[in-house]
Amino acid sequence: MSTPMQREGTMFSTYRFIPTSSLYTLVGLAAVVSVLAFNVADKFYLHVLIMMLFYAAVSSAWNIVGGFAGQLSLGHAAFFGIGAYTSSLLFINFGISPWIGMLIGGVLATLVAGAIGWPSFRLRGPFFTLVTIAFAEVLRILTLYAHDLTRGSIGISVPFRPAVGNFIFRQLSAYAVVALIFLMLTVMVNLWIESSRLGYYLAALREDEDAAQALGIDTARYKLVATLVSAFLTALGGTFYAQYILFIEPFAIFSLDFSVLLAMMAIIGGIGTVWGPVAGAFLVTPLQEGLQAKLGGELHGLHLVVYGAALIVVVILLPQGIVPSIAGRVKRAFGHHEARPAPPVKGES
Amino acid sequence: MILEAENLTKFFGGLAALKEVSFGIAEGEILGLIGPNGAGKTTLFNVLSGAFRSDQGRVVFAGEDVSRLGAPRRCRTGLVRTFQVVKPFSNLSVLQNVMVGSFLRTPDPGLARERALEVMELVGLGARQDQPAKSLTVSDRKRLEVARALATRPRLLLLDEVMAGLTPTELVEMLETLKKIRDRGVTLLVIEHIMAAILTISERILVLHHGEKIADGAPKAVAGDKRVIDAYLGEEYLLA
Amino acid sequence: MGVILAQVAVSGILLGGVYALISIGLTLIFGVLRVVNFAHGEFLMIAMYASFWLFHQYGLDPYVSIPIVVALLFVVGVIAMLLVIRPILRASPSMQIAATVGLSTLLQNLALVTLTANYRSVETKLSRMVLSIGPLVMGVSRLVAFLVALAITGLLFLFLQRTYLGKAIRCTAQDRTAALLMGINIDRVYLLTFAIGSALVGVAGALLMQLYPVFPTVGTYFVLAAFVVVVLGGLGNLTGALLGGFIIGLVEAFSGFYVPELKEAVYFVVFIIVLLVRPTGLFGVVGAEEVGLK
């Protein structure tokens, strides 16, 4: 039977393959967070909750490129910054609602991602990482330089004019709800990708790019798709940050440290998995916020000492990250021996 | 003719790995490709499948000149290869590996899964569906390599030493599988060193030596060809 | 105008010498171990702080303390190798990057926490001296740094060409398996290479302490420049790192002259262009295929 080359089916039925356990987890998480958001009175704890959700969402967005596609980008601050600056400048200069500015920022980030991603995918390993760092740095320097437009190192203060339409709220709980929705969005995107053709193709090109190409996969194109999606979501996070913190400046926004932090959370939690970055962010953020608050200026940076060490330890001892390691142990305890798409550790095979 | 290779030439530095190799493959045929190590067999596969561009010559597949197409696009037209040193996606399960193949023809995970399972049955991997690829035995890895390629619905399948390292029983199974694949309408171009196997299954045999085609014909004729004997076989190979 | 440009060029070359010295360690390590040490800048920072401390605590002239700093960095290299690098040699490139980035973060913030973010400088009699050659003026410290950098690089080349260990290192860089089969103890070569690469950056740090202040993130600034140099020269290529250092030194000096605010952006753009157009660098690369630079 020499079958003609027909395309059948659509990608939309992918939703049927998202594990129901993941959906339950998501709903459960949403329920817990909602309860906390409206019942916790202490502003500090609410702030920590908001930051946890925020970092979990942005780290999940990073994971699409860094985990699923296996391309370790340390330049995601670029997309984050584009989102933050675009919505803020549009709001301050033209009164455009940050909600709309957020989408515009997302599109802009996507375009930039396409422009810089396309030529960069030929590079592998550290070369790719280096070029992402370079792009983010160039963007930072340009932002400083174009100070007529961006206020340079002085930074931009977003005026506190609370209104739903302005994406500014008096109640912290409102920000928590927005952050939660943002997280749910990124997690759903991750879940969808994981079970779809895109996810399988990304796993394939991560494992063995030559074999993937021999099976008809245009690897550059799929890396690009992953990057576009990731950039868009990361930019949304930039707008959220600007609207929450109400102050942005190049050093903090386009920072290499921020890019590293996103990667770190995903790796510690479980790179390439859906819940890994979320777990990583949930573990790491309270420590960070807690240390910064309690010890203030004195031991500034202590949390990063811990993360740096944790990252090294995880890479050496638990390269798959915390979530898969625990999940693996739990499954073995129940007698399962399934394989799930996992990050590559070339030492074994 | 499903495939026509015209004057394929490939240089690596000063060395000619392929020298004006020309041949054709008829649809539904099983063509064997033999020759000593270094003869250029895998290079020929690389050139046919698009992993390398030839320096001269053309590859015409199903009437279309594919010489300028890269590997992924050639695969999509139905010209698919396997690797001599198998390349499984180690951390994925067997089923997931094969699905990567079947996803070429459908974006629907459900359909991709169905087709993958079907191909795995054909090849004999049905029982191993959820096993991680890295835990497979050699013969199962070879099967996986074939299954994955087969899942892309190829019209012409280039198999690079799929029988190396198999026990006699496994070899017989593999030969059976290849015949089943051909019976489904897939044309096969098979590189092999195991003479008994290749001479049995092939309808026609191509012999390469130092990058040149030195023989092209029915197995018996090739086995008795003096040039082939001198270059490769050592002595006349008597078919049982 | 010509004099001004010549002056800029001289600054660039002097700076380039030091960049070369920082980069040579990095490229040597990559050439042999195929690992990009993202913590290289932090090793530089450690060297600078060590030099500073020896000066302020014991009054040791920074030139005099060079051997001590070198020894210290050699040890730091050994420790880092054993604890962090060796366990990840077989891991995927992503995990290797993650580990060295983790080390970088750890060291940077350890410095921040224990030593604070304050800028610290060393001032000796030499710091203010300048040398005039015709119309051109150069800081003596800069000139000495340049000369020492060249001397050390020269010594390194001699070591690699003439000694057994040096040859063993070069063999391992060219073909790991063949070296192993020839009876070379690869493990020890790796360790030695990493330690030497770190020691080299030790010299650079001691020299730089006289030219720049030290603070916890000083490493980041210099290491990014070092990456540009190393990629430009071709990863693993020592001569390339030397020449690349001078090129980047000149690029930075001239862009500092013409477009001071965009100075760093210029060499990053150079970096991006090199990576995208000719990732093997100006002089070719060892092991390009392994890192997928085909």
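Which chain is which? They are A, B and C, in the order written, and residues in each are numbered from 1.
Here is the rule we use: a contact is a pair of C-beta atoms (placed from the backbone, for glycine too) under 8 Å apart; a residue touches a chain by one contact, two chains touch by 3 or more.
No experiment lies behind these values; they were computed from the predicted model shown.
Q: Mapping chain-to-chain touches, which pattern fits: line, ring, star, complete or other?
A: Topology of touching chains reads as a line.
Q: Which chain has its C-alpha centroid at the greatest distance from the C-alpha centroid of subunit A?
A: Most distant chain from subunit A: B.
Q: What chain is most central when centres are computed from CA atoms?
A: Smallest centre-to-centre distance to the global C-alpha mean: chain A.
Q: For subunit A versus subunit C, what separation do you get between their C-alpha means, in angstrom?
A: Measuring from centre to centre gives 32 Å for this pair.
Q: Roughly how far is subunit B from subunit C, centre to centre by C-alpha average, rounded to an integer in Å?
A: Computed from C-alpha means, the inter-chain centre distance equals 49 Å.
Q: Would you kindly tell me how far, in whole Å, the mean C-alpha position of subunit B lies from that of subunit A?
A: 42
Q: Would you give the residues of subunit C that are in contact with at least 2 other chains, written as numbers and ranges?
A: Where subunit C is concerned, no single residue meets two or more other chains.
Q: Any chance you could list the residues of subunit A touching two or more other chains?
A: Expected reply: 343-344.
Q: Can you tell me which positions in subunit A touch subunit C when the two form their complex?
A: Residues of subunit A touching subunit C: 66, 70, 72, 74, 119-120, 122-127, 129-131, 133-135, 137-138, 141-142, 144-145, 209, 256-257, 260, 263-264, 267, 271, 299-302, 304-305, 307-312, 315-316, 319, 343-347.
Q: For subunit B, which residues are in contact with subunit A within the complex?
A: So the residues of subunit B touching subunit A come out as 27, 49, 51, 70-73, 75-76, 78, 80-83, 87-93, 96, 99-101, 103-112, 130-134, 148-149, 152-153, 155, 184-185.
Q: Considering only the defined contacts, which subunit A positions touch subunit B in the complex?
A: It comes out as residues 1-3, 5-11, 13-14, 16-17, 195-197, 200-201, 203-204, 207-208, 210-219, 337-339, 341-344, 348-349.
Q: With touch defined as at the start, can you tell me which subunit C residues reach subunit A in the complex?
A: 36, 84, 87-88, 90-99, 101-110, 112-113, 117, 216, 220, 224, 227, 231, 261-262, 264-265, 268-269, 271-272, 275-276, 279, 291-293
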